[in-house]
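Here the chain labels run A, B, C and D in written order, and each chain numbers its own residues starting at 1.
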Amino acid sequence: METTSEELTLKVEDLWVSYYLEGREAFAVRDIYLDVGKGEVVGVVGESGSGKSTLAHAIIGLLPRNSRISKGRILFKGRDITKVKTDQRYLYRGTNIFMIFQDPMSSLNPTMKIRDQLQEAIDVRSGRRGWSVGMWKPPKGDNEEEIVDSLERVGIKRPRVIMEKYPHQLSGGERQRIMIAMAYLLKPSLLIADEPTTALDMITQAQVMRLLSELRENLGLSVLFISHDMVLVGQIADRIVVMYAGKAVEEGKAEEIIESPMHPYTKGLINSIPDGYKNEKRIESIPGSPPNILKLPSGCSFNPRCKLAMEKCISEDPETRVLGGRKVACHLY
Amino acid sequence: MSARTVLLSSKTLLAGAVIIVGFIVLAIISALDLKLLTPYDPNKINFALANLPPSTAHLFGTDSEGRDVFTRVLAALPNDVAIPYIIAGASALIGGLVGMISGYVGGLVDEGLMRFTDIFLAFPGILLALAISTILGQTHVAERLYFSMIALIVVNWPIYARLVRSQVLQVRGMPYITLAKAAGLTRWEIMRRHIIPNILSLVIVYITLDMGTIILFYSILAFFGLGAPPPTPELGRMVYDGLTALPGNWWSSVFPALTITLMAVGFSLFGEGLRDYLDPRGGDYVRRANA
Amino acid sequence: MGLAKLIGKRVAGALLVIFGELVLVFFLVNVAAPNPASIWAGPEASPEQIQIITQLYHLNSPWYIQFLYYVKNFFTGNWGISPLYQTPVIQLVEEYLPVTLELAVISLILKLIIEIPLGVLSGLKPNGFLDNAIRIIYTVTRSVPPFFVALGLLLVLAYDVHAFPASYPVDPILALKEPKFEIYDPFNGKYYPFWFFDNMPILNALLVGDFSAFASALDHAILPALSLTLFGFGGITRLSRNSMIEALNMDYIKTARAKGLRERVVIYRHALRNSLLPTITLSSVIFAGSIQGALVVETIFNYYGMGYYLAQSLLDLDTPSLLAGTVVVTIVVVISNLVADILYSVVDPRVRETV
Amino acid sequence: MPATYTNLLQVENLEVEFNAGGRIIRAVDGVSLGIGEGETFTVIGESGSGKSTLALAILKLIKIKEGRIIFKGEDITNLKESQMRSIRKEMQIVLQDPYLSLDPRLRVGDIIREPLLPLGEKGEEKVGEVLNLVGLDPGVATRFPHEFSGGQRQRIAIARSLISDPKFIVLDEPTSNLDVSIQAQILNLLLDIQEKRKVSYLLITHNMLVAKYMSDNVAVMYSGKIVERGSAREVIGKPLHPYTMELLNVTPTKGFMERIRKLEFIQEGEVPVKGCRYANRCRFAKEVCRTTEPVLKRVSQDHEVACFLY
């Protein structure tokens, strides 16, 4: 026991999440351990289908109807929130855990003004979540200044004009800024950012990344940053967890993972990034495709794509080993 | 996936199919030889047998003129089963053609055709069909049935035009159409190879869902005497005729009405099941998982 | 901003539809039918009457002249004389239309009140027990012909249980005696009684304050209204179920939950609001369906409204009534579409922009 | 127009306009470029820059307002579709989304064979050949697209583009919907094919790293115009236009966070009607930038830039 769970914002232990697909249970997240300390940014990297997004949804309690947490604990500030009844889970969202989604085009309510959607965040933070706050619309509070301030913080010019608009009148970048403004208003302890820049242009991506790092500095919150982009994660995160087929295959300090990856999959991901000019040096790609969670290979899930696969890799799933502050699940170590 | 597994995947689909096929079979037998199904003559008036309640001899009872209601229902089936298919088929064909031209040619042609379609679409369909077949049928009583069918096609095709157009537009925007154009395929080739196959299943689902509506519309026309001319029995008309014998003789209108309902329900079930299967946005996988 | 433009565009579209209906009806009678004069005059008309009619409708002129007269007559309220009632058609429409509109509005309200909650319940837990039960119910009820519903209600509630009267003979005129609404004509400086609301039996009795008339009118309207409610019952349920499911799958619902809103706030303020949008459009379709269903229902209950009047003109070949009635119902339908369109664009900001 | 090489494809002064609800939008505005045989020319730009429109216009899939397209020395700008048929087999295209670019109702073999259809060829054996070339088993020809992963689908799309032995292939963001490990496979595959078949590519991308890895020559597009053009080493290695620099700065590579923390983003204002289109976002904008539109100016052997700073 290195750290007590009270110092950690989030501690995930032995988490298994499954989907009902084609009449049976298939595991999208398997045996995940994850610690997020106070003020720490943890990056989760993996390709599509690696279970990273499922992990995020499990933590905030927004799994789709056909999936469930089949095993494990999610400790938020020391309390196991998987034990909390479904109709009480909302108490852990918003001011405690908040999440920003991939597609800013659809993550805001199209028939509600930006102002009202931000007002809701203030209502939640001030404990006004019930009927009294209005069924159809949050009441116009005296929080206008606060809303304007939050919009200014995320670099929106003319905030008083923007807040009277509807989402479809804004660009994708602006909408993602609104989501970050929402985080400023909620002041959560943990922010989950699920591929927050994937749907954006490069320049907008950079702006959003900067806003996220400013948000983290200003509020001192913990961040779980989920992305398929190794470099992006490496730039913002303190620690990185690399996921493959629902499992964490490697974990460690961001620079260490980027500079000296251990697991063949992590190496492959880093080597896959184009580097250099045409005809200089071929990048190395990982052969094959990520597995379907309904048809996972035996032993180490990565063995069919691994150049270094041994017989043991096919017969036996590797244990996670701790090697000097790093964790890796590979028979090579 | 074979048709059999699709059918068995959903009880709704299966129930609908059984009803639809059952009616088709009954209608065919009735058209070939009514005597195979019932000993009575559907049109023989015998006041001695008038207003008999349902019994083993007269399953649905007899009407106020002593005709066996069950026999009359069976005798009405060939017309009442076949006509909705003809109407749906013709509406889908006409509407489909208009929609396809509109969606694929675009521009002014599209604009013009859609304005035209909108006018028809905004009409109160049943009433317009009633008016058309009443007025044209006044002087041509024998052809009244055809006027009714034409009237129902007139009020029905615009829905298909809209549906097909929106589907064509959706498929036309697909990247694989761009690729086909880049490969040098002609418009007709693209239509045949890519667009028609991709919209067909949806149009078929729509037709099955629409069949129920057409059955209802037609039965309302028949209710007002605009169906097949006498002496051919008509389910809708039987309901109307039975009204005069109320409240005593309820069976001579209730059973024909029930038959129409069952026919429409069959298509509703089948169409609903088919739609669920092809477009399971209600989270169909959950049901399959829990089963 | 966009709203005025949208309304303008929709009104123009509505006028086009009405004009289209006039053209269609004109061609149906004056061009497609072999003997327009006898159609206008009725089947039992004498040669002299036909002579008069031919002159009255300019049936000897070329078709375009006939059409001009036809349009002019329509817009000046000169809709012909019903051979069946021997009364100007416009008077008959004034008398019967409000009765049916009242009935259709009642049944629409009943439908919305019953069907939307059912759809929402169904959509909240798709494929649950409740959802499956509701789906089976609406799959069946959606296919029930109007006469079957009316017949069932008539047999059970009127003849068997005697809970309600089987047919209309309320003193149908009772309410009409005391005009309540008046319209000011600025050209004459006079007030005119306004028939529209006066001819709605329930509303008028209520406004006049005659509670026994009100009770009687209500009593008689319940079965027809219920029949219309049950005709096509489930269309709205089905739609609101599907759009509820769709709305609940949207990312903004996830955002609302991630914010920490209570589930019921998420459902009411975010999911329901958006899922009700398509219902607005469907409501106008349902309303149109009810007015047409009234043809059958009012015939069965002898409820003297537009449906009854049109059904009688169908059966007795009262063509002037039938044609004028068809156009009038079209106008009602077009107006209800218009209202739905405008309502939709008021509720959904996205529509306003795209016009 | 400068023509430093004998070009397979020469585009001169191309203009494409759209009518967006009454407003005329010039999506491609006077673009010129040349692609030599066996070369890759990359157009870099963000969404809305007009780069995909340019690609479609070059293949004559959308209406061209002005300009010329010369393919193999022949001016194809005004050819009718019937005359284009023989030329189309020489020009193919691979699109971004492998999930939407294959017709779900057709078998893989039929999809791949489609470009041969207008030529009246069957090409059964060719299907196996191109499938081999893209690293798929020829047996997959009888299967349907939904049975394949994104990467495999993109291989099928590439196989399709190769079946008619084209000299020129447009690659419209071919990897932007793929995972990075699959992207690497596809990029390498494309390079291999270019070596084996000597095809020319017009690559459309927003990713600087991909552009750098794949291209001989590049052009940076902003709001319908080319703002910088030249060899990849020149433009990406020594960027001159402030927009190119901005794009390089926001590319996630080492030191990304430090870079963007220092960057001064000038927010997306309206594109100006007069002067340089980038002026409203440009840190170095001068008076002249707001009044006069800069034209491409040669600054070295393989480098042109449209900016008043040079």
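Basically, contacts are C-beta pairs under 8 Å (C-beta built on N, C-alpha and C of every residue); 3 or more make two chains touch, one makes a residue touch a chain.
For clarity, every value in this text was computed on a predicted model and none was experimentally measured.
Asker: Does B-D or A-D have the larger number of C-beta pairs in contact?
Answerer: Greater number of contacting C-beta pairs: A-D.
Asker: Name the chain whose C-alpha centroid is farthest from the C-alpha centroid of chain C.
Answerer: Computed centres place D farthest from chain C.
Asker: Go ahead and note the Å separation of the Cα centroids belonging to chain B and chain D.
Answerer: Those two chain centres are 51 Å apart.
Asker: Between chain A and chain D, what's the gap in Å when you average each chain's C-alpha atoms?
Answerer: 32
Asker: So the centre of each chain is just the mean of its C-alpha atoms; given that, what is the distance between chain C and chain D in Å?
Answerer: Inter-chain centre distance comes to 56 Å.
Asker: What residues in chain D touch two or more of the other chains?
Answerer: none
Asker: Among the residues of chain B, which are close enough to touch at least two other chains?
Answerer: 283, 286, 290
Asker: Can you list every residue of chain C that touches 2 or more other chains, as numbers and ranges?
Answerer: Those would be 126.
Asker: Spell out the part of chain A that touches chain D in their complex, as residue ranges.
Answerer: 47-48, 155, 157, 171, 173, 201-203, 205-207, 209-210, 213, 228-232, 235-236, 268-269, 271-278, 282-287, 289-290
Asker: Provide the residue numbers of chain C that touch chain B in the complex, in ascending order.
Answerer: So the residues of chain C touching chain B come out as 13-14, 16-17, 20-21, 24-25, 28-29, 32-35, 39, 43, 126-127, 135-136, 139-140, 142-148, 151-152, 154-155, 159, 166, 241-242, 245-246, 249, 288, 291-293, 295-296, 300, 310-311, 314-315, 317, 319, 322-323, 325-326, 329-330, 333-334, 337.
Asker: What residues on chain A touch chain C, complex-wise?
Answerer: Its residues touching chain C are 60, 62, 65, 87, 90-99, 101, 103, 106-112, 120-121, 124, 129-131, 133-138, 166, 168-169, 179, 182, 186.
Asker: Using the touch definition from the top, list the residues of chain D that touch chain B in their complex.
Answerer: 56, 59, 61, 81, 84-85, 88-89, 91-93, 95-97, 100-106, 111, 114-115, 117-118, 157, 160, 164
Asker: Please output the residues of chain D touching chain A within their complex, sorted ascending.
Answerer: For chain D paired with chain A, touching residues are 40, 46-47, 149-152, 179-185, 187-188, 191, 206-210, 212-216, 232-233, 236, 246-247, 249-254, 256-257, 260-261, 263, 265, 267-268.
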